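Below is the structure I would like to discuss, written out as C-alpha cells.
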Amino acid sequence: MAIQEKCRIEDHKQVGPRHYKLTLASQYLASHAQPGQFVNVRCCETSDPLLRRPISLHRIDAQKGMIELLYEVVGRGTELLSKKPVGQELDLLGPLGAGFKIDPAKKIHLMAGGGMGIAPLRALAEQVTGRGSRVAGQAVYILIGAKNKESLIGEDELRKTTDQVQTATDDGSAGKKGVVTDLLLDFLDSQLSVTSYPLSVIYACGPRLMLKAVAEIARQKKIDCQLSLEERMACGIGACKGCPVKTVSGYKMVCKDGPVFDAKELVWN
Amino acid sequence: MAIQEKCRIEDHKQVGPRHYKLTLASQYLASHAQPGQFVNVRCCETSDPLLRRPISLHRIDAQKGMIELLYEVVGRGTELLSKKPVGQELDLLGPLGAGFKIDPAKKIHLMAGGGMGIAPLRALAEQVTGRGSRVAGQAVYILIGAKNKESLIGEDELRKTTDQVQTATDDGSAGKKGVVTDLLLDFLDSQLSVTSYPLSVIYACGPRLMLKAVAEIARQKKIDCQLSLEERMACGIGACKGCPVKTVSGYKMVCKDGPVFDAKELVWN
Amino acid sequence: MELAGIELKNPVMVASGTFGWGREYADYLDLNKLGAIVTKSITLLPREGNPPPRIVETPSGMLNSIGLQNEGLDYFLKEDLPFLAKFATPLIVNIAGESAEEYAELAKRLSRETAVKGIEVNISCPNVKKGGMAFGVDAGLTKEVIAAVKKATSQPIIAKLTPNVTDITVIGQAAVDAGADALSAINTLVGMAIDIETGGSRLGTLTGGLSGPAIKPVAVRMVYELARAVNVPVIGIGGIMSGGDAAEFLLAGAQAVEVGTANFVDTAAPLRILAELNDHVHRHPRALNLS
Amino acid sequence: MELAGIELKNPVMVASGTFGWGREYADYLDLNKLGAIVTKSITLLPREGNPPPRIVETPSGMLNSIGLQNEGLDYFLKEDLPFLAKFATPLIVNIAGESAEEYAELAKRLSRETAVKGIEVNISCPNVKKGGMAFGVDAGLTKEVIAAVKKATSQPIIAKLTPNVTDITVIGQAAVDAGADALSAINTLVGMAIDIETGGSRLGTLTGGLSGPAIKPVAVRMVYELARAVNVPVIGIGGIMSGGDAAEFLLAGAQAVEVGTANFVDTAAPLRILAELNDHVHRHPRALNLS
C-alpha cells in the first residue's frame, strides 16, 4: 500500500552536471518499497508547476529507514526540487507501481541503463545481491550508456554492488564509444554462452528508443526482459488513465500496471 | 528613472512574528530612491504567484549602496520572499512612484505609521534628520500603532533616529492602549501649540481606515498632510491603469502619481 | 444535506474522471466521508481512450485527452459497482454517449441499481470525436439528450455543462427545461499545447481539456451566471484546491462542489477541503454579498 | 516583415492595454526594436474607467477590470501620438466604442495621421457595460462594426476577438467578410474572483478579464482554429511569457504575436521574447507538424 507522507531531506548532493542525489527519511517507504517502484514528488507548494513528478527509488535502505532518489534537472519541477535544502520536508506519494520481478530461477542479471535510466537499477542490483554483499550463484552485470563522461552518473557507486560494470558514451569520452545496446549485444554475443540465455534476465530502463532496441534484442535471443517505462503522469495511482502504454491486452497504465513491464507484453509503434 | 535590476540579498532577518528585514545591494537604488518610493519585487520565477509585489523602501543608504525593506508575510508572495536566502539575487523594479515631499518651511514632522505602515517612515525620518544625526531646528515625532506588542516592529530602530517615538497597541500590551490616531490627536491637542500647526506636517502610512482618520484630523486642524496609499498593482509604472485612487481631479494611479498623496487631493468614500 | 433529491453527506464531492472508480483512492482517504462519489464517465461499450501522451502540464493547470477510457457499462456493474455500493457515501454515476439513445440506455440500466443515487450526464467531454461536448454546445441537442435521459430514469439527473460556449445559461436553461434536476459546471476548457521542438501537439490528440486552478476564475463566473439563471441547484467545479476555493463557489451560488485535478496533487484533497471549508463557514456564518 | 499591409519590424508586438502609451516603458526598453506598438484602447470621449480594485491575481494569471480608462481621442492625438510618432516602430492604434458609428469615427480621424499604420478594433473588451465584447460575441454585430470601420478608413484593420464564444471561427469569418485585414486573438476570458471574507467581488466590478499564462492553452487552440478557417493573417495573444510560448503561437498558425501580461512581470519582456524566439527559430529552421 502506498501512502502520502512528508519526509525529511537528510542529504541532498549534486553528483553530476545537472544530477542530484536526494536522501529522505521514511521508515515506511524504506520498508515497503520494491526496486522499480517510484515515488510521486511534490516539487512546489504553489500551483505552478502543478503536478507531482515521478522519480524512481534509487536505493531502499530499510535498516536505516532511508530512501535515495537520483535525478536529473530537465525542467521546472526538477529545478525546484534541486533547490530544496537539507532539513526541509518533501511531500511524497509512494511506493507506487509494480517494480521489477525477481525470478529465483534466474542466475544471470543483466541490467542496462540509459541516461537517468540507471536510477532504479541500483536498488535492483542491491536487492539481487542482498544489499551490497554478493550472493553465491547470482551474477549481476550492469551496462550503462550516457551522452558523455560528465553525464555518466553513479558508476563508482554501482561498482560497490557488482564489479561487472561496463560503460559506453555517445562521444567515447568514457568507456566504449557507442550506446548501451552495443554493450548489451557485445555482452550477449561474446561474454555469455547461448546456453546461459534461459538462466538470464535483462532489466532495462532508459529512453524509449533504447528500450525498444533492448526489447528487440531480448526477443531475438529469447531472453526474459523487463523494461521500466516512462510516461507523463497526473495521479500516479491509476485513477486518471493519463499514462497509457500499448500492450498486447490494450492500454495499460504505466503508473499502476508498470512502470516495469515484461517486454513481451509491450506493443511498439 | 527606475530600472529593473537583480540585486544580491546581503542580509535577511526575521524581526517579528511574521516580519522580515531584507537588505539588498544596489548602488543605483541606494543613490536614486527617495523616501516614500517603493520597489516592485518578483517573489518567484514560476508563474504562480505571477505578479510583482510592491514594497516600500525602509532605508536608503547611498554610502553603502544598500537598501532595506521591511515587510510582513501576509500571503503567498511575501511567504516565498521570506524564504530567499542571503546570497541569492532578487529581481527588483524601482525606485517607483512619487515619494514624500519635504517642504523646507516645515519644522515639525509628525510621522504616523499603522502596522507595516512604519516601513517607509524610517527612510523618511532619516532623510529629515540627515540620516541619523539630528538636524537643528527640525523635530521628528514618530507615532506607531500596532495590534499588539509582538507586531510592534522597528520601534527600537526608529528611536535611533529620533527620541520622540510613541506607541499604541490595540490591546494595550505595549505603549498606550488604542490606535495611532489616538496618539496623533493627543499629541496635537496636548503636546503641540496651535501656533505650531502651520510649521507642522503629518506623514502617514497604514491601513485605509487609519489614513482616512488621519486625513480628517489634518483637515480639521488645518495641518499639511501626506498619505502613502496602497492598492493592488500589476505593472507598478503607470501603464496598466490598475491601481486607481479617487482624487479631486479624477482617478490617479497609486503606483505613479503616488503612493504618497497630499491628503487634500484624496476623495474618500 | 439534500441536493436535487440526493442525500449528500456534505457539499464536497469528487469530480468525474479524477477519482477513478473510488477504489484507487480508498487507501488514502475514507470514502465514507465524501459528500458523494462521482464516477468516471461510463459508456455503453468499452472505450480504449486516446493515444498517449494524454497529459500535459500547463501553467497552474493541465490538459488531458483521456478520451473516456473505460471498460463499459457491463464491466462497471459487475466489477466496480459492488465495491462502491459498500460505502455509505451516495454514488453518482457519470454517463457519456454518442447519441441520445445511448445516454438513455445507460440511464435506464443504471437506475435499476439501488446503489446509484443520481446520474450526472456528461454532455461536455471535449476529448471524443462523437458525442460529448458536441451536445453541450448546442441547446437543442442538450435538450434532446437530457429529455431522453429523463424519460429513461426516475433518478435525479445532473447535466454537466461545458464552459466552451458563449452563454452557459442558455445551455443550462435548456437542460433544466428538458428535466435536469441539477447542473454541474464546469467541465474542461478546450486547449492546445504544441511541442516547439517537433511542431506537433504535445498530446496524442490535437486538443485537450484544460483543468486546474488556472480555470477557476472562469468556473466561478459561470457558476454565478447559472445560479442566477436557473431554479435548480448548481454544483461548482473547476480548480478547487482549498476550502477557500470551495467557499468561493458556494458564495457564487453553488450548493455543492466537486473536486477534480486537486486529487492528483493531494490524495487527501476532498477531505482537507471539506475541513477547511467547515472551518471557514464556522468563522463566517453568513457571508454573501454579491451585487 | 509584412502583415496585412503593415510593415512590422519583427513578429513580436505589445498587446493593447498592457503597454500604456509606450511612454511608460521607454525607460526600460528600446521602443524602436518592437515589432509594433499597439496602444491601449482609445475611445472617442474620455473614460474614467471602473472603480478599484481593478486587479486581482489568480493562479498563473490575473483578472483586470480597468474599463478602458483613457483620456479620449483628442487627448491622444495631441499628447500621446507625437511621442509615439518619433519611433521607427509601426504604430497600431486600438479603438473601442459603444456603437458602430463611434468605431467608424475613431477610425476615420485616426487614418488622417500618417504615424498610424494600422487599426486594431477591440470588439472584445469584457469590462464595459456597453459595446466591447457585446459586439464580439455576435457575428452580426461584428460584421456591422468592422464594415463601418472599413468604410471609414483605408488603413489595415485588425479585428481583436474575444475567446468567450462557442466558435471563434464564426466570429473571425464574419470579421473577415466585413473587411478585416487581419485577426488578433485572444482578448481576456471573462472571470470572477470572490472575497471569501466579505462575500463580495474582489474587483470593483462583478467580473473581470482573465489574462496571463493560465489562458495560453485556450489561446493557442483558438489561434489554431482561426488560422485554419480564415485567409487573413492571425496575430496570437494570450499568456506569452517566453520565446517558446511565442513559437507555440507561430506553430499554431499565427503570423505574429502580441505580448501582454508579461510586460508587468518583466519590463524587458517583448525584446527578451523576441531574442528567445529568434534563437529558437535558428535552431529549428522549420518545425510545423500539426495534423
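Note that the chains take the letters A, B, C and D in the order they are written out, and that residue 1 is the start of every chain.
Quick note on the criterion: contacts are C-beta pairs under 8 Å (C-beta built on N, C-alpha and C of every residue); 3 or more make two chains touch, one makes a residue touch a chain.
Since the model is a prediction, treat every value here as computed from it, not as a measurement.
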Practice item. Using the touch definition from the top, list the chains contacting both chain A and chain C. Key: B, D
Revision key, fill the gap. Between chain C and chain D, the fewest touch steps amount to 1
Review point. Measuring between mean CA coordinates, which chain is farthest from chain C?
Key: B
Study note, to complete from the structure: Between chain B and chain C, the Cα-mean centres are separated in Å by 48
Revision key, fill the gap. Here the gap between chain B and chain D, centre to centre from mean Cα coordinates and rounded to Å, is 36
Review point. From the C-alpha centre of chain A to that of chain B, how far is it in Å?
Key: 55
Exercise for review: Indicate the residues of chain C shared as contacts by at least two other chains.
Suggested key: 59-61, 212-214
**Study point:** Residues within chain B bordering two or more other chains
**Key:** 46-49
Exercise for review: Sort the chain contact graph into one of these: line, ring, star, complete or other.
Suggested key: complete
Study note, to complete from the structure: In their shared complex, chain C is touched by residues of chain A numbered 1-4, 42, 47-52, 93, 231-245, 250-251, 256
Review point. If you look only at chain D, which of its residues touch chain A in the complex?
Key: 59-60, 213
Revision key, fill the gap. As the complex stands, chain B meets chain A at residues 44, 46-49, 76, 80
Revision key, fill the gap. Chain C residues touching chain A in their complex are 17-20, 24-25, 27-28, 40, 48-49, 51-57, 59-62, 64, 66, 69, 212-214, 241, 261, 263-268
Practice item. Please give the residue numbers of chain D that touch chain C in the complex, ascending. Key: 58-61, 63, 137, 164-167, 189-194, 196-201, 206-208, 210, 212-218, 220-221, 224, 239, 244, 247-248, 251-252, 280, 284, 287-291
